[in-house]
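In what comes next, chain A is part of two complexes: it sits with chain B in the first one and with chain C in the second one.
Let's look at the complex of A and B:
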C-alpha cells in the first residue's frame, strides 16, 4: 500500500516532511526560470503541485477503492521532487515544530533578498502595496498558514507552496536566493506572479475553506479524510518531546494497570542452560539452527535470570514465546524489555500485535503510537499537539488517529525499495483490529513484498485471511510460514483453527498435537502433573474445542497441561 | 449404624448487612453510601466438628461476622469485588486450616437524588429498584481463584418489539405464534473474569484501581438495556446471546458471560364476550408460571497474528 509522498529522506533522524518545508522556504521560481522560459514560470510552479500524473492518480483511486492492484510507484514524482531538492540549497530545516511558520527563516530570506538587485525590491514593494492583504505582523502568519493548509490535497506541499507565496508578500525581493542573486526576472512574469498572488491573498483573507483554484487539480478528495486532520496540527502550541513522552506514559500506564497478569515472567524451574554463561548466544544459535522454540526460550530465560537487565535477551524471549504460542509469557517478557529500554522498536511492535491478539485493543493502539513516535517522531508529535488526550473509551477514534499517523509514515516512502515493512505491518494490525480485512491484507502483502522470507508476515497474512472467512487461502499462507520455519508453533496453531472452521477436525487435532509436542524439550524431566511454568492455554483450549466438535467429550479430560501429544494420538487414530 | 463418611462440608455466615458511609475529605458533607449483604463460606479441616463433635477447629460464624464488619470499616470496599478479594485473602492468611473460601457480596441500590436540573445532592439517596450488583469470589489456598461479577433483579419490560414464532410443533403444543408481544424479565447477568489473564488474586486490586471492574459493570448493564430496547427480539434466546457477545467484545479480561432470564408472561385479556377486539392493548400480568432461559457464552477460537 504505497501512498504518495516521495523524496528520499526517510531516515528517522531527519524530518520526513522536510522536503515540504524546503519547498516553502525556498522560492524556486528562479531555478525554474533557469530551466524554462520565463513566461512559463508560474505554470512551472503550479506544475510542481501537479506532479501526480494521471496514471498515478488512477492507482491512488484504485487503492482507495480497495482494488487488489499491487503497489504503485511514485517514482516519477519522487524523481521530480529530488530534482527540486538538487536545485534548492538547504535552508534552515527547523521542522522540529512541524511546519510552523519560522520567523527566523523569514529573516534569512529577507536578508538574502536585500542583497539582490534593487530591481527586485522595487518590483516587490509594488506588489506588496497592491495586495489588499497586508499582514504587517508576524503573528498573523501562522493563521494564514493554517488557512492555507485547509487544502485537503497533498497538504504539506501545497501549504509549502502557499508559504512560498506568503513569503513573497512579506519579504520584498525574496525571490532571490544566494545562487541567483541579481538575476532579474522579466517584468512580464512578475506581473503574472503579482496577479496570481493578489487572487490568492484575496481568497485567503475571508474564508478558511477557500479552495485554492490555482493548484486545485491534484488528487481531488482522494486524501481528503486523511489529510483533513493534519491541517489542524500546524498549531502555535507545541509539546516538547519530553512532555509528549510523559503524556504517552500516563496513558500507557492506564492501560497497563488493567491487565495485571503480565506483570511477572514465570520461569521454568528446570533449565538446562541455567548456569551457562553463553546462554544468550546459545539461544540465538538455536533459533537459527531450527531448534524447537521452547528450547531457545529456555536459553533466553537462563540469560535473563543471570542478567535481568539484558534487554535483547528479554526481547528475544518475548519474540520466541509469542511464536511459540505462549502469548502471556511473551507479553511479560516484552513488557520487561520495554521497562529497560522504552524505545525498543521490535519489542513495541511485537507487543502491540500480542495485545491485539488478546483483545486489548486500546493498549495496542497506545503501543503502536509509541512505536511511531519513536521511529517517526515528527509525525507523532504533530498529531499529539492536535489531540492531547487519548480517549480511553473511544476505541474507534483512537484507532483512526493512530492509523493516520501510520499512513503519514507510509507516505514517506511510497516506492517499494524504501518501504518500511514495519509501518506496513503496524498499519495492517490497525486495520485488522477494526476488521477491515481487505486493507489488512494489502498491508501484510506489502510487508511480505519487502521481506518475502519472513514467516511471521506470512502467518499474519494467513490470520487475516482466516478471519475474513477464507480458510483455504489462510492455510496456504500458514503452510508457507511453516516452510520457512517448521518450528513456528503459532502458525501450526492457526492451521488447527482453520481446519476446525472447515470442519476437518482430524487434521486440526493433528496439527494442534504437533504444536503441543513442540513444547516438549529434551532434557526437561518428566514433571508430575505436567507442571510446566508457561502453558499454551490457547493450544489446549482449541484442542478441547476440536474434540467437542467431533463429539469426543470423553477425551476432553485428558487435555491438560503437560499432556503427552503422542500418547494422546492413540486415543483418536 | 452403618459406617458413614463426611464427603463435603462448608460453613460460614450469611446475610451480614451493613451500610458504609464514605465522606469526601475536602467536604465531609459530601458522602457516598454502600449498603451490602455479605455471605462467607469456609472450607478446610473442619471434619472433626461434624464427625467427632470436636469444635476446636471451628472459627465461629460470629467471628466471621465480626471480621466482615471490622474489615468493612478499615478497608476501602468500593467496588465490592475489591472487598471480596480482601476478605478472601484475609481468611486464608489468618487461619491455616482454611483451604478455601467463597465470598458473595450483594450491593443494594442507592442512587443519589438530583435536582430537577440534574445537580446531585450531597448525601441523599433514592432506592430506585430492587436491582442488586453482585460479586462472588472463590479462592483456594493454592492460589486458584474465580471471580464473577454480575447484576440481578433488573426488571424490564417492553410493550412491543418482541416476537416468537417458528418454534417446534407437536401434539402437546398449543402456543400461538406471534410477531408482536410483550417481553418482560428480571435480568440476571454474570460475567466471569479470566483467571489466567488476571494471574493472581492480587490482580483484582489493580483491576479495581484502574476502574476496569466498574467499567465492565457499566458496559454490561448498558449493553443489556440497549439491546433489550433496540432489538426486535425473535426470542429471549437470540437476544441474550447478542447481549453476551457484545459484552465479551467490550471487556477483554472477561472469559464468559452468562444470562438467566425468566420470561414473565403478559397475556392478552379476552374481550370477545363484549364484542371488543384487543389490539395488544390490555394485558394480564401473569405471576406464574414463567419461562426460564439460561445461557453461557465464551469467545470463539481465533487465528493469532
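Let's look at the complex of A and C:
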C-alpha cells in the first residue's frame, strides 16, 4: 500500500474514520491556499488530479462500452469495502486515495460546471438519489464521501457535483442490476459528463509535463491491479460475508451459477464420437466395459455438445473427469449439471468433494447443505424451526452446523442394513475438511460396509489414511480401489503422492506415468503438445516433484502438457 | 531455530533452480525482487530473498537487504499461505502480513509460493 501513499504507517490510525476526516481537512486547506498562492502546492494538486482523472476516465470508458468483465465489477468492491470497514487500519489508503481527489477536483469542475450549465448537475443529483439505495452494501461509501463534502467551504454547486460523482462511481453496479429508465438518464448524464471531462482533461494536459504523465500511468496500472486482485479473491471473501451467506440461503440456483464459477467446460477439439447420436449410451458402455476414462469423457462431451441440456451426460462427464484426475474440468461439468438441475443429488455430493479437494471448504459446506436439504428436507426444516437464527458465517461454525444436520440424518437409520452410505460419505467429507481423520475414516468405512465394491469409497478411505500419516495402509486402500477399477486415475495419483511421502520415488513416478498414459486415447491422431483442452496439472506437478526429489533435474523440462508417458520412461531407466 | 516454512521454501528453491518453465513463468509474472522476513514462535527471524527479477532464485539470506517488495509475516501464517489455508489478502487485511513496496505483487507472490505446497491426496 505504501506505493500509493508513501509510507506503510496506515496501521497507526486506530480509528479509520478519524483518519479519513483528517485527510479531507488537509485537502480542504490545500484548496484554500490555492486561491491565495499558486506555485508548488498547486502543482502537487494538479498531479493528483491528473492521476485520478486518467483512471476515472478509463473506468468511464469501460462503462460506456458496457464492459462488465474488466476492472469494473462493483459487487466485489462492495464486499471488499465492507471487509475494509471491518479491518480498516491496514486498508484505508485505498479509500483515502478515492477521497483525496474528490475535494480537490471539485473546484476545477466547478468552473467547468458553470459553463456546462446547471441542467446536468440536477440530473446528476437525480441519479444519485436512487443509485446508492439500490446497492445497500455500498451505502457506507457514499455516506462517507458526503460527510466530507458537507463542509461549509464547499457549498452551492459542489455538493450536487460531488454527489453526481459518487453516483457515477456506482453506475456500473447499478447498470448491472437495473435496466431501462433510470439507466437511460444516467447514461445521458454520463455522456455530458464525459464531454465536460474531456474538455477539462485537454485543458489540464497543456499544463502538465511529461514525467508526471508517466507517473500517473504507473499509478493507474497499479490501481487496475488492485481491482484484478480483488476480483481474483472474490470467491473466497464473499463466502465469509454474512449478507451473501443469507442471500445464498434464499437462492441456491444463483449461487450455483455465479459463486464458485469454474467457467465454461472446455471441450477437446478431436472427438471420435462428435457426430454419434448414441454418444451418451456409448459413454455408459465404455465405463462398464472398463475403457479409459478419457475415452468415456469424450463420449459424454459429444453427448452434451449435441444436447447442452442433457443433465445426466453433464453429471457423468463431471464424475468421469474427477475420477480421471481432471478436477477443474469435472467441477465445470458438475456446476453446469446443477445449473440445469439444481437438486441433482449425485452432482451435489461429487461437487462438494471436488470443492474440498480444491480447498474451497465454504463452497463445499454450502453444497452439502443443499444436498441434505434436498434428500432429508424434514431434518433441515426441523433445524430451522428449532433455531431460526442460525447464521453461521465462519468456516468452523458452518462446518459444525452442517455436520449436525448430517449426524441427524445418520441417526434416522441406526441399523447398518438401512444406512444411507451417502450420508456417511458426506459426513466423512465434513470431518476430512477439518482434519478429524479418525472420524473421517469411520464414516468412509461405514460407506464401504454398505458398498464394498465402490472404488471411490476405497480411494477416499485411502486419502484419509494418507493424510493422517499412515501411507502404508493408504496404499492398501488405493490398491483395492485400483483392483475394482484399474482406470481410476485419481487413485494412481494418490498412490504417487503416498510413495513420494514415503521417499519411494521410483514407484511414485511409475504410478504417475501410468496415470498420464491413461489420458491418451487410442485411435486418435497424435495430438500436438498443449493441444489437449483438459490437462491434469496435478499429475504433471507431482511428477516434477518426484523427479526433483530423486535429483533427476535433467528430465524436468520434459514434463509438460501433452507429454508421452511411454517415451518418457525410456529416459528414466 | 525451528521454522515450519523452511522445508517447503527449500523445496521451492530447488524447483526454481531446476525447472526452467517454472522459473521463466515466475519471472514473467513477478518481475521483482521479493524479500520475506519470517518470524517464528520463539521470536527468531529468518530472511529469504526471492529474486524474480533476473536470476529466478530463492535463497536464505543472513540479513534483510534491499528488495522491491519486503514482506514480514509469521512462520505459522506463511505456512498456512503456502498450504492454501489462507490467502495473502486475508492475512494482509487482518494485519498479519505486512508489505513494504508494491502490494499488488503480493497476490502473484502467493501463487508462486503455493508451488511449494506438498502434494496432497484427493478424495
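Quick notes on this one:
Please note the rule applied: the second predicted complex is superposed on the first by the 301 of 573 C-alpha atoms of A that agree within 3 Å, B and C clash if a C-alpha of one lies under 4 Å from a C-alpha of the other, contacts with A are read in each partner's own complex, and residues count from 1 in each chain.
Definition applied: contacts are C-beta pairs under 8 Å (C-beta built on N, C-alpha and C of every residue); 3 or more make two chains touch, one makes a residue touch a chain.
Not measured: the values here are computed from a predicted model.
Applying the stated contact rule after C-alpha superposition, one finds that A:356 touches each of chain B and chain C.
Using the contact criterion defined above for the overlaid structures, shared-chain residue A:328 touches chain B, although it does not reach chain C. In the superposed model, A:545 makes contact with both chain B and chain C.
Comparing chain B with chain C, more residues of chain A are touched by C. Residue contacts after overlaying the shared chain place A:553 against chain C, while chain B stays out of touching range.
Once the two complexes are laid over each other on the shared chain, residue contacts for A:397 go to neither chain B nor chain C. Once chain A of one complex is fitted onto chain A of the other, the partner contacts of A:497 extend to both chain B and chain C.
Once chain A of one complex is fitted onto chain A of the other, the partner contacts of A:537 are limited to chain B, with no touch recorded for chain C. Put simply, chain A uses residues 325, 327, 353, 356-357, 359, 429, 432, 459-460, 462-464, 466-467, 474, 490, 493-494, 497-498, 500, 538, 541-542, 545 to touch chain B in one complex and chain C in the other. Contact residues of chain B toward chain A in the complex are 196-200, 202-203, 206-207, 209-212, 215, 252-253, 299, 301-305.
Residues 11, 14-15, 17-21, 84-85, 87, 89-90, 92-95, 98-104, 107, 115, 118-123 of chain C touch chain A in their complex. Residues of chain A touching chain C in their complex: 1-3, 8, 11, 83-84, 87, 89-91, 222, 225-226, 229-230, 232-233, 236-237, 325, 327, 353, 356-357, 359, 429, 432, 459-460, 462-464, 466-467, 474, 490, 493-494, 496-498, 500-501, 538, 541-542, 544-545, 548, 553, 556-557, 560.
For chain A in complex with chain B, the touching residues are 254, 257-263, 325, 327-328, 353, 356-361, 393, 429, 432, 459-460, 462-464, 466-467, 474, 490, 493-494, 497-498, 500, 537-538, 541-542, 545.
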